[in-house]
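Common to both upcoming complexes is chain A, partnered first by chain B, then by chain C.
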Partner chain A sequence: MAGQSDPHISIFTPAEVEFLAEDELVEIVPNIRMDALNMICGDFGPFFPQISTKVPIWLAVALKKRGKCSVRPPEWMSVERLTHVLEAERESPREFQPLPFHYIELSKLLFEKAHDDIPDIYMVRSLIEDIRDVRFHKVEMGLEKISGRTHAVKLKNLSAMEVNIVRPFMVRALQAFYKHGSPEMIQQPESTVSRTQVLDRGPRRDLRPR
Partner chain B sequence: MESELAGRSEEEAAAAAMEAQTDVDLLKRAWRNEKAAPEILQFEAGLVQRAREQIQLLEETVEEFTENRSDDLVIPLYQMDLDRALFLLRSYLRIRLQKIEKYMVHISKTNLWNRLSEQEQRFAKRCIDIMEKHLDQSVLSRLPYGYQSMLKQSISSEEDDMVPEPQLNTFVFCKTKSNVGAFQLDDMGEEIVDLVADDLYVLRYKSMKGLVDGGRIDLV
Partner chain C sequence: MGIYYDIDDILLEEEPISVVFQIGASGVGLLDPGSETNSVERSAKVTLPFWLANELFLRRAVSINVPACFSLETRKEIQADAACVDLRFRSPYFYELGCKILPLVIDKSIGPFLQYAFTSRYTEILSKSHNITGANPKFSSKLTKEESHLFEAARSSMISFKKWRVGGSRLEKASILGRKRKPTTPTESSTP
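Presenting the complex of A and B:
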């Protein structure tokens, strides 16, 4: 999307979106015995060899890196399920199929850190890429429909990363339409007639951020 | 007497269910909302205090562990948890400071001031002082009479038109937590949106900020 000329406070970097995704729970199968972990973000364990348990994905990745567990790929990440989702995405041009909110971040993390735990990984990877493409194409089509009469947009089932990518453009487009369609602007000529020495008595100017 | 007790235990059960959301979840929510909102939100004093205490406790525990046990596995995991919580807390506080720096005069002149913590208020006062002195010394005192105010373009301005304000008409992405039903977006009742539970919307911040304050909608 178009680059930002000034860094705005309300931008989430992709790293921050991934950070949020890292708290999602995944199932792991430990190969060691470990006491329960009482962390600020929650309590997990105790861990027994071959007994599966759920932990946040950041913890799963840390354990996997140290060779202490294997990761069970989530149900939605099977070739069968994803093929079904891809077909459904292609057949419904105005709807998004339900997918986990963080499906992009989760799949990326698992591909990178637990690739040996995912059956048919190349197929899964390629399916997810296709799904992303189809969905994003729909987002682009949807953007073309934004007009001055758009006062709200509904994006059912859009995922976190997709939201983040489209956010800057969509916000600026909606803002621009709102500003130029606003009835306040139309009233401006009347008020400037009587005040000749003061400039721009219309709606508040946006001062440049420091 | 009995019904009173029964009523109270229901409340306690509801409160316990609410607490089932960890402070980290609440801090995450506060961080996300603060990042996405154009204006500064209410300071979560209780949450920040609890988070600080928990972080400190964990820091001490990790130190203890590192000295006494040479447990290569568990310590880094607790350290990661600690780092994550610290990041959320620090980022939350930093975003607020950024907003205060950007809109300090506006905040000090409106009831947004009450959303700041005591320390933030002290920070804001000092910021304004410094900014005033700086602008005065470097520019304003050298401008012709009538144009020397930091707040007004000239003395003929009716309002403080040199004060940057947050852009409340910006659009934000948000997710509903429960059914809100038909919601009015504008003053004239022309724009009504049906907000269903767990759906993603892009709305004008100004129209829906009441819902954010009430915790019925999350900014994403």
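Presenting the complex of A and C:
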């Protein structure tokens, strides 16, 4: 989807966002001995068996594929933490809970490549799906409220993949609203007192309470 | 700014507008199918494409009537239920045409009317585009060009996300390799 009809909106495909997420660090427990890897992005220390180290996910996945390590799931990926986050998401209809920026891509990668290292994987998987649904629903509810008066939209704690999904739509919707609401089109300001008046709270439309 | 080369802009300016000639014009009788001589009389009603009407208006040769797509009937329909009105049938460039007509006609209520129409259709587009259930030909055929850009943007990004989430390999087999090809050399016997 990198080449859409409007060349001014640059979009990442989901695979590209996943590629960017692979730089996140994760803990692994190697079962071999290896010298330090000195790379441009950093040095990843000598690997000793049963001593856990932090490496980027792409390296962890590569080692796991060759059977040289086992991945320890990050601490946000436990059933209790995710249940807690899900309840908090459901309770606050305008805020997004803080979650790791790449949680969708990280969880997909770990489910695919390291599914035997995660306890209760089905539970974790369904919890993450639910969290994703609830958050996206909130994004949609917030998008319904933008109107001609909106100058900017603020979405706090949104994750990379969610941003990527709504980006083309939101940019174009804001452009269209700007075009329709520009002053030379609206020559009688009192006639625009319409249903948007009750929702208007000023020039900036936050999607969370200030 | 790129509007000169924008294909949508060029197509939009082809939309027919009905105008009333303020002066007589000779030699252009083709424009008026009802004229006997090769000229257009004063206060004759003619249908011209928008780009021509615009230029003649700037030379004060015509006065422009509001096109049919902004008539009272359309306004009533939109006020009744904006999301179900088939705007593409009336004009696929509904909003853009309205924006361009605005400085040319006397009626200034087109601007707020367009904004109202767009705002009310926008919520429908939002919900329909993000929840894909196969194709929605009934709904998407009622959208103008601009709205369907918006719709397609959301829908394609949703579809690609869902496809990515399912997983699978990152490489797709080229479709041309899937078919069995008949041998093309004439010496071999071809099997049906």
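Annotations for the structure displayed:
To be clear about the criterion, the second predicted complex is superposed on the first by the 174 of 210 C-alpha atoms of A that agree within 3 Å, B and C clash if a C-alpha of one lies under 4 Å from a C-alpha of the other, contacts with A are read in each partner's own complex, and residues count from 1 in each chain.
Here is the rule we go by: contacts are C-beta pairs under 8 Å (C-beta built on N, C-alpha and C of every residue); 3 or more make two chains touch, one makes a residue touch a chain.
Remember, it's a predicted structure, so these values are computed and weren't measured experimentally.
When the two complexes are overlaid on their common chain A, residue A:144 makes contact with chain C while staying clear of chain B.
By the touch criterion stated above, A:156 is placed in contact with chain B alone, chain C being left untouched. Contact with chain C, but none with chain B, is seen for A:13 once the two complexes are overlaid on the shared chain. Contacts of A:179 after superposition on the shared chain: both chain B and chain C are touched.
Shared-chain residue A:112: touches chain C; no touch with chain B. In the superposition on chain A, A:66 contacts chain B only, with no contact to chain C.
Overlap of the chain B and chain C interfaces on chain A comprises residues 9, 167, 179.
Taken together, the chain A residues at the contact with chain C in this complex read 1, 4-6, 9, 11, 13-15, 18, 108, 112, 136, 140, 143-144, 147-148, 161, 164-169, 172-173, 176-177, 179-181, 184-188, 191-192, 194, 196. Residues of chain B touching chain A in their complex: 22-24, 28, 32, 35-38, 51, 54-55, 58, 73-74, 76-78, 80-82, 84-85, 87, 95, 98-99, 102, 153-154, 156-157, 161-162, 164-165, 167, 169-173, 185-186, 191, 193, 199-204, 220.
Within the complex formed with chain A, the residues of chain C that make contact are 95, 99, 102-103, 108-109, 111-112, 114-116, 118-119, 122-123, 126-127, 129-130, 146, 149-150, 152-154, 156-158, 160-161, 163-165, 167, 170. Residues 9-10, 12, 19-20, 22-23, 32, 34-35, 37, 39-42, 58-59, 62-63, 66, 68, 151-158, 160, 163, 167, 170-171, 174-175, 178-179, 197-198, 204, 206-207, 209-210 of chain A are the ones that touch chain B when the two sit in their complex.
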